[in-house]
């Protein structure tokens, strides 16, 4: 009897669970869903914009605070966010005007003091921002809304620097009146922090006094951490969440075919490439003919198919498509026969070559496919997979001794052209994965950054692009993958950002009255 | 008894220090460090060096360990390098999820294994015994994370009854607890069965029967209490392991437990967090084992006598 | 007459069906015991004494044990067909048992008080507190200070443990007490104390007793009747006088001859030749014939019960021959 | 009770024939049907592990991808279907036996060498050395094996050798304890004393006299150890810390297939089954061996 009872009880519990699994949506008076839940893969760890460069943190910070300038996702141009306007007097002198009446979450009004505090006081103290702060020589406050910057070196793209997410403007008053841990949460964005549950979710509530954006109808924005792409998909289908970040490529058709769901896509600005360690003199990769043979012999289409299920735009150029001064160069086209011939000339049959990459899913997929492709030419690729930090360290350490031959990596630049070269290509750049060390290239990079005439700039950058990819063959650019979001049908204001800091500032879901 | 406990607690200190030493040095050996990960993609070498000092990662490994140990002995586990918050705070935040999963799975494991183990022992050499042996053997031979995947496939993909991952309300707990519980149940069933079989042949059960104790009572009262010691031993280490050893299951179900936190910390080369987590974990395991040893004393008066000596 | 019998066993057969073959532990045993009487069950190790005793309580482990008999009644109640609930009421109440090894007979995780009280609580309509109080009385009765009721078995010596076991067995004043080699595991000095204790308690509660032992001295000390077992059956049974003084069976004779004679220390010990038979493969006819100095062809084929007197019978075919005598002298 | 005594007599009486220990163990082992099935499976698995590389070509069958043929359901041509690169899953599972098994065996060999030596020393010498070794074991057993494995793999990099070493080290304390426990009762036996009196050195006594007498629990632990090492390796691979790609280690295959689980469940089912059957076989064999080596424990 007892047993029967307990079984019944268990069944009842199960039944009640299954019912509660799909709670009905709560709707505002205007017919909008009260709470939008966004599923993301990674953990939110840090509300302070200056303490992090992780995109997950930046996505949420982007909802709560604003930048001086930001990419307009409609026009893809750099425009003022907190700035009303700016003017470059000459490459070292810039004047700026803030928008009027912008309120922080603590009720204070944005003025030049807050900007000065952020740029001149906080930024030099943080490693993520110190290099930006170092560009500024003096900060001259003109009045509450106008200020002037004098730069150490001329920089025609300085407005792009201000779009760095770590330079979000925080409230000076907040830092004076509360703990730093709380003050960093006070921004000007349409959302305020409500609850942070580490490893699980972050809830934001609407900031009704926001003037920069049309205040959305949504009352709450919750970012929920669901690491598995498949689990995120299920949650979306179940109605547990409204938006999912980076759905698995295998779910794209499901998202497109389900009338309740939508697939949002955008070409990303991340350049995925096969890099050669140019400084490894012991290895055949220091031979430009070998590099050219690899470039000719690799079927990028197959790589794209293996790594992203075909959802990426093939690259012929190191320079990202939507970055400034992109030039349609031919690159090195796929030619397996020529490659085979060249490999044979070089005596590559039975060649052992080592490839290092990180444990990111698409990189390992690219690596295994590359291994398969090169084995056709008799080349044995051994793959070493490491954590991203280890890869970065290995790739940026002294190229002559690191022992790296091939690497699969990626670079996500900002919008301005200089980003494409300053760090990953310049001989002293911090992320010089291919160990490019060429005076001429350095000169071209410097020239491009200092040139004010757009036409001349275009020439310089075109030359750079051809030189790197076609002549030097420092790397084989593979693809810029498609960025995706999955949403419930009817979600608006969920915007993909090519630089990966997607925007949810005005996310809404109209469900009808 | 009190002296015994104090002695055991004191003995934990050198063990914990050794653990911190081992983990710290292993982490130092690992290629890559957190600085290159934390630095912005366009960081200059100077910026990286600045960050390194900011994080207190300058100096030789011995110097760093010395500093770490000094703070540790003062009860300070340091600040997580990646999360920029005190390690203890981060750890405590994750603790409830871990404990929830650990205890839920143990409850499930006990609900399955104790009755099954007893039934197998009392129905020795029958089909029931045979199938319990086979089932428990399969459960210990199965990669638990694989069972988790199968459960997700069945219960989240096919019949959309439970969420496939994350934490939150009670329904999130069911699948991971069931997975971990099943894994533990295998071992517990085996140990319950064999220790019951051992006890069942003891003379004192015949004494109990001879004085008219019903068979049910003989098993539940007289036999079970005697069979408990090995069961408690296994239970203790199982529970201890569930605190941080269920990484794969936590990963499968995206459960925000300590195990995954530790692996993430190791992966991001967050030395303080990784070392701190593993120290805390070892402490929890050791405390569990101590509690188990104390529990013996309540189950078996002979053990209690030994402790007081 | 019937009603006066506390125990009546008719043709009891117990076998254990194991992987290695069928072990025939008890083969056609019949035994009657009058109320208030005491009988000694004597035999070598493995003769089936304990199994017989367990059969009376229906405690033979099943499987692999199989118990069959024509009759097994205790105080006029049929044990064999009794439902288990009723049986549990009888165990410890009407019949109880003292086991051989006091070291293992007590549950190590309960106090001795609890173990004695459990029996009382189960069988008598008393509260737990009352049961505990009576358990303490019982302890004192067997010569253990009552305050030790809260101690655990491991805190007791072997002799003390056996006292506890006796206390458990007698807690509900059973009508029949089966003592299975209660002294074997104990020191000689303690043995005597135990026997005294059992005897005095038996007299106090007029309990019937089955004393299982291989020690003929103990039987002489405490029993009215003797039954000698060999290979699972009783081969000679009679009063103490009958068996000790007018020994009939060659095996019984052998047993007596194996005892060192204190009065004649120069006399040679004459042990029985050979080993007890393999119970999975018993010899045909009389199981004792391979070791019997008097064996003849008939013995290999059959065995017969021969009644010597009202109280005395022997299972030995050779007594069909009128003038058959064994070497042992009758003592009158 | 009565029955047990009888059996003891029986064996004492007529079955006393001199037999080698191995033959006796084998005789006991044969009686256990599940252990026999396990033995057959283990033999097959070992056979596959050794000979798969002669039937398949690493480059052609393991490395080579056929992207156009990806995600084919199990069929006559591809028994277990094909994966996201169009590789035949059956081939990979069969070929992967080599990795899982060699990791299991070598890891156990490492733990055995380290653990048994330490255990012997601890058990034989006792005193301070014993204390030291046991404390040391405690340090390692205090950390859950999987976390320790992750830390070791992270520290020394990913390769099959490191995987073996990591698992070997993680489990070594267990062998140390088992050996010590087995040595303790043997240590004080007369024949050890006799050997010492006869002038046999410590090492000689340890390996020639103490060890053989403590062998049976170690043998059982070794068999079961292979099982748990394989499980541990698959767990580490699942966390992305196993053998280098494209080696078809089962745990790694599982973790690769997991992404596509919803539509192509077979990608996770088959490698998982392979792990389970292998581990189960070794466990059952260990169980059978335990019973065979120690008939007293036989239930």
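A, B, C and D label the chains in the order they appear, each numbered from 1.
Note that a contact is a pair of C-beta atoms (placed from the backbone, for glycine too) under 8 Å apart; a residue touches a chain by one contact, two chains touch by 3 or more.
Note that the structure is a prediction, hence the values are computed from the model and not measured.
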Which chain is most remote from chain D in terms of Cα centres? C
Between A-B and A-D, more C-beta pairs in contact link A-B
Rounded to a whole Å, what is the gap between the Cα centroids of chain A and chain B? 37
Chain centre separation in whole Å, for chain D relative to chain C (CA means): 52
Cα centre of chain A to Cα centre of chain D, whole Å, reads 45
List the centre-to-centre spacing of chain A and chain C in whole Å, with centres computed as mean CA coordinates. 89
Using the touch rule from the top of the page, what residues of chain A touch 2 or more other chains? 230, 234, 386-387
Residues of chain C touching 2+ other chains? 54
Can you tell me which residues of chain D touch two or more of the remaining chains? 1, 154, 157, 258, 261-262
Listed in rising order, the residues of chain A that touch chain B in the complex are 14, 17-18, 20-21, 43, 45-46, 48, 51-53, 127-128, 130-131, 166, 198-200, 224-228, 230-231, 234-235, 237-238, 240, 386-394, 396, 411-412, 419, 422-423, 428, 430-431
What residues of chain C sit close enough to touch chain B in their complex? 54, 57, 59, 63, 84-85, 88-93, 96-97, 99, 101, 104-111, 115, 118-119, 122-123, 152, 154-155, 165, 168-169, 171
Where on chain A does chain D make contact in their complex? 229-230, 233-234, 248, 250-251, 302, 305-306, 359, 361, 364-365, 367-369, 371-372, 375-376, 380, 382-387
Under the touch definition given earlier, write down the residues of chain B that touch chain D in their complex. 14-15, 18-19, 22-23, 26-27, 29-31, 124, 134, 137-138, 140-143, 145-146, 149-150, 152-153, 157, 194, 197, 203, 241, 243-245, 247-248, 251-252, 259, 262-263, 266-267, 274, 278, 281-282, 285-286
Quick check on the complex: what are the chain D residues that touch chain B? 1, 34, 135-136, 138-140, 142-147, 150-152, 154-157, 227, 231, 234-235, 238-239, 251, 254, 258, 261-262, 265, 268-269, 272, 275-276, 279-280, 283-284, 287, 299
